[in-house]
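Chains here go by letter, A, B and C, matching the order in which they are written, and residues are numbered from 1 within each.
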Amino acid sequence: MDTTFREVSSDPRTTQLPLSHLSLELGHLYMDDFAAGPGRLREQFARVKPWADAARAAATRTGGRRPRISTCFLIDDYFTRFSSPAEVLPQVLAEAAECGLVIDYLARESACAEVGAVRPARLAEARLVQSPPLGSNGSRPPATEVGWLSNGERSPSDQPGEAMQAAAGWQPPREIEARRHSVFLDVELWDEHEGRRTWSCPFLAAVWQLLRLGLLRDQGQEVLAPVPREETFPASWDSLPPLVRLNPAADPFAAYRTCSVLASRFLPIEHAVRVILAQWSPEESVLRQIAERAEREGLAMPDDVTDRINYVFHAPS
Amino acid sequence: MLIFAISDKGGTGRSVTSANIAYRRALPGADVCYLDFDFGSPTSAAVFDVPSALRGTEQAGLHSYLRGEVAEPQRIDIWAETESAGLRPRPAQAGQLVLLPGDRGGGEFVLGSDTVRRCADLFLRLEEEFEITLVDLSAGRSYAAQLVLEATALPELSSVTARWLVFHRWTRQHIIAAAGLVYGDRGIMATGASRGHERDRLRDSVRFVRAAVPSPSSPMFAELRPAQALWLSICDEDLTRLASEHKLGPMLTLGTVPLDPVLQWREQLITDEDVLSSQVANLETAQAFADLAAALTDDRRWQSPL
Amino acid sequence: MTRPSEPFSTVSPPAGPDLLIGEVRTALLQHSVALPRAAAGQLLQLRHGERVRTSERPSGQAVSPDLLTGVDCPLPTASGRAVRGVGTATSRAVLTEGRLLQASVRVRIAATGGSLRLPWGHYLARPGTVEPSGRLAGADLVDGHLSADRLPGGALDLGAIAERLLTDLQGRRVLDRRAPFRSRRTRLLWTATRAEPGGDGPGALFTIEDGTLRTLRLTLERVDPVAVAAFCEDLALHDWLLTTLVQLVERSGLGSAPGPEPLLRLRPAVDHLLHLWMPGARVDRALAPIWAGLETRPGFTRQWAATVQRIRDHLALQAIGLPAHSYQGD
């Protein structure tokens, strides 16, 4: 006789999310853009349109199936609060429509930091695993600067020196994956004032990518579920669900890959995003789920998270 | 329990005495470890006669550990590695006697932000295993002393008993200097209080140890002329008065180690064999070490004298 | 050297990695009482957003989420051959009955890796795997890992990762740091390799190297990292229990010192350790025969039972007022 014994608490399960082929981001909206008036919005969407079309056209290697593509748009309500959803959103939607763009999902940037009791940014931070410089054998903890993450080794600064030891002199920082010469980048992840943490823009942008890639979980559960739009938009940002499905016919929000069409002034931010995500360790069970589904759909998936992210940068900003 | 051994001046007999205390404590069965925090001149290995550490541990000593270069400092099992025939083999009832040496050529160093954290981790780690962790600090106002004052002020260590032994010789200068090290400017009390130690508690955890004290009644002075003997005992009385004036009186003195002929010539552990069989060392010296070893945990000796 | 060419094998090689190496460090939790389940969950919550796995049968156990540590360093080869390894080591903490804390670190050594280091994301997609640069003889690495203490520094040091994890947990504020008795941490260095067809069959070699260091070489049909790590944790736990109990008995003077003193000194062991003995309870079925083998030689449970019986006999004699030591011959 064969007996089986299982305790649920010792063998937890991980939720699966529906996935599109591509999550196409049509832009970020900051207060300055909005303050510049509807003309600026229209100008932005007009610039995005051809590249968005190109991104759609490129997303055809879907194993013969209809490409599932969802579009999204991010509004900053984290660093600055401006106006209200009731005023801003109809304008955004109207200008997008004017340029022939459909926004399927709308997210508030603060959702990357906090959704009810869930803290997506904390979840993302907990999975950072620093890239080890040559010689890391586990004997010392990775060199960290609290709240910062770099793509290499920092210049040694004021290492505690011993008495009467020779001084070392200046040493350059070094990018770990440098090809001979370094492009060293040190990213501030957050700062804290009076015990209140403010996440940096690149860190929230990295979380945004993870949410769109369907890679984040909280205790195995979904982190950010889309909520269908109401007839009218509320008068305060807090009353707006963090992720709104504007288009009832939209494909799933999360996708195998992402593409963001952004003004080129976002390039440094997204470089930082890549430095962060290159050191972000996905949950094995989530990674496996996605890989298995991709295989069933006949899709080739890169296992490196940063290889799932695509960009179009357009100028001027 | 953490025991910090400190002295204002070098050459007081701090290292030799505290190593002997550790040894005497381990003999009847306590697990004891001895940390060489005398960063400027890490030499305790000589007293324990462990040449492997004398040559210096190339990398994995306390210096490397505190700088974060290794996860664990090297440990030397004295019973197994000492060259001293008198210490081997490990006596039947004896507990562990472990030395954590400094690095070879390691110097006194400036504290980095993580040094205190690492030091506290080490103390907690050793508390798990050893009844007594004896820390031999550098002489005077040192980074080593500052380091352990900061580490023991951390909340994680609040439940760990820490006691201080301040070593001094029996001379005017040494008495005044020892008092200054404890009660004076930038002394243990002042530094400790500024790092968050509670004043009364810290003060009550300090005791003095008189090292290498020539006792007028000792056999070593049997040959003195009457005038010399008289002069010696007048000096002794003067010093006793001076010590009391400087809050180093008998109540705050944990023990007195007599001047010993063997120790005068050589830094070493005094074994029973040295005292009983070969009789090169004085019985009183061994007895003084044993008494000090017992006094470390004798709470009556550590009650507030106030 | 030339060899007769071998016919192509039609059987695909068995699934699973070729080689695992690991280390388990075991310590008494620095707390006065067994840590209650909720507090244990909190203690082992090492990663925000990930679950602490708990089980209540046959004894209470909580397992932390896995943590990863990036490494890029020479692998510990016994021959001293320089083989660089890049990847991550998996570590986790296990708390049993709220009493015994373990840090368990393991690495799967991939069959081959490229000679160049790849982007870090490649390694993060293979958590717990280290890829060697170039060829690596399994036996060379097994021997090297198990004698890591004697190798020059700089090579992969799983013990340091385990040690840091233990120290971090033992220093947490939820613990009152008043453990019922003092004890030494023990270390188990282990390796698991796949049994080669025609080579040695499945088996285990367990060695007591010194007072606190043990090594275990496993040769298995199938090398499942999670199951093997759990087995090693179980073995390390029981080895710690036995080592500690025997040492406590030795030090107590049981049988040599007169009066109730020795038993009083053994009191904490009776209160806190005796009920923890449950060898093999969580071990994967495939590995159960190995436990059974170790029970035959050296016979963990036999020695444990004998020691416990000895304490109980003394307790019983004490209870009826007979001086136990007078029964001991010399």
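Please note the rule applied: contacts are C-beta pairs under 8 Å (C-beta built on N, C-alpha and C of every residue); 3 or more make two chains touch, one makes a residue touch a chain.
Since the model is a prediction, treat every value here as computed from it, not as a measurement.
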Category of the chain touch graph - line, ring, star, complete, other: complete
Top-ranked pair of chains - ranking by C-beta pairs in contact: A-C
Whole-Å gap between the CA centroids of chain B and chain C: 37
Separation of chain A from chain C, taking each centre as the mean of its C-alpha atoms, in whole Å: 39
Separation of mean Cα positions, chain B and chain A [Å, integer]: 57
Junction residues of chain C - those touching two or more other chains: 153, 157, 160-161, 164
Chain A residues counted as touching two or more neighbouring chains: 138-141
Residues of chain B engaged with two or more neighbouring chains: 70-71
In the complex, chain A residues that touch chain C: 5, 7, 9-12, 119, 122-123, 125-127, 129-142, 176-177, 217-220, 277-284, 287, 303-307
Parts of chain C lying in touch with chain B, wherever the complex brings them together: 27-28, 30, 153, 157, 159-161, 163-164, 167, 170-171, 173, 176-179, 182-185, 251
For the chain B and chain A complex, residues of the former touching the latter: 39-40, 63, 67-71, 106-112, 115
Contact set on chain C toward chain A in their complex: 47-51, 53-57, 63, 68-74, 86, 88-89, 105, 117, 119-122, 124-127, 153-158, 160-161, 164
Contact footprint of chain C on chain B as seen in their complex: 29, 31, 59-60, 70-72, 95, 120-121, 124-125, 127-131, 155-156, 159-160
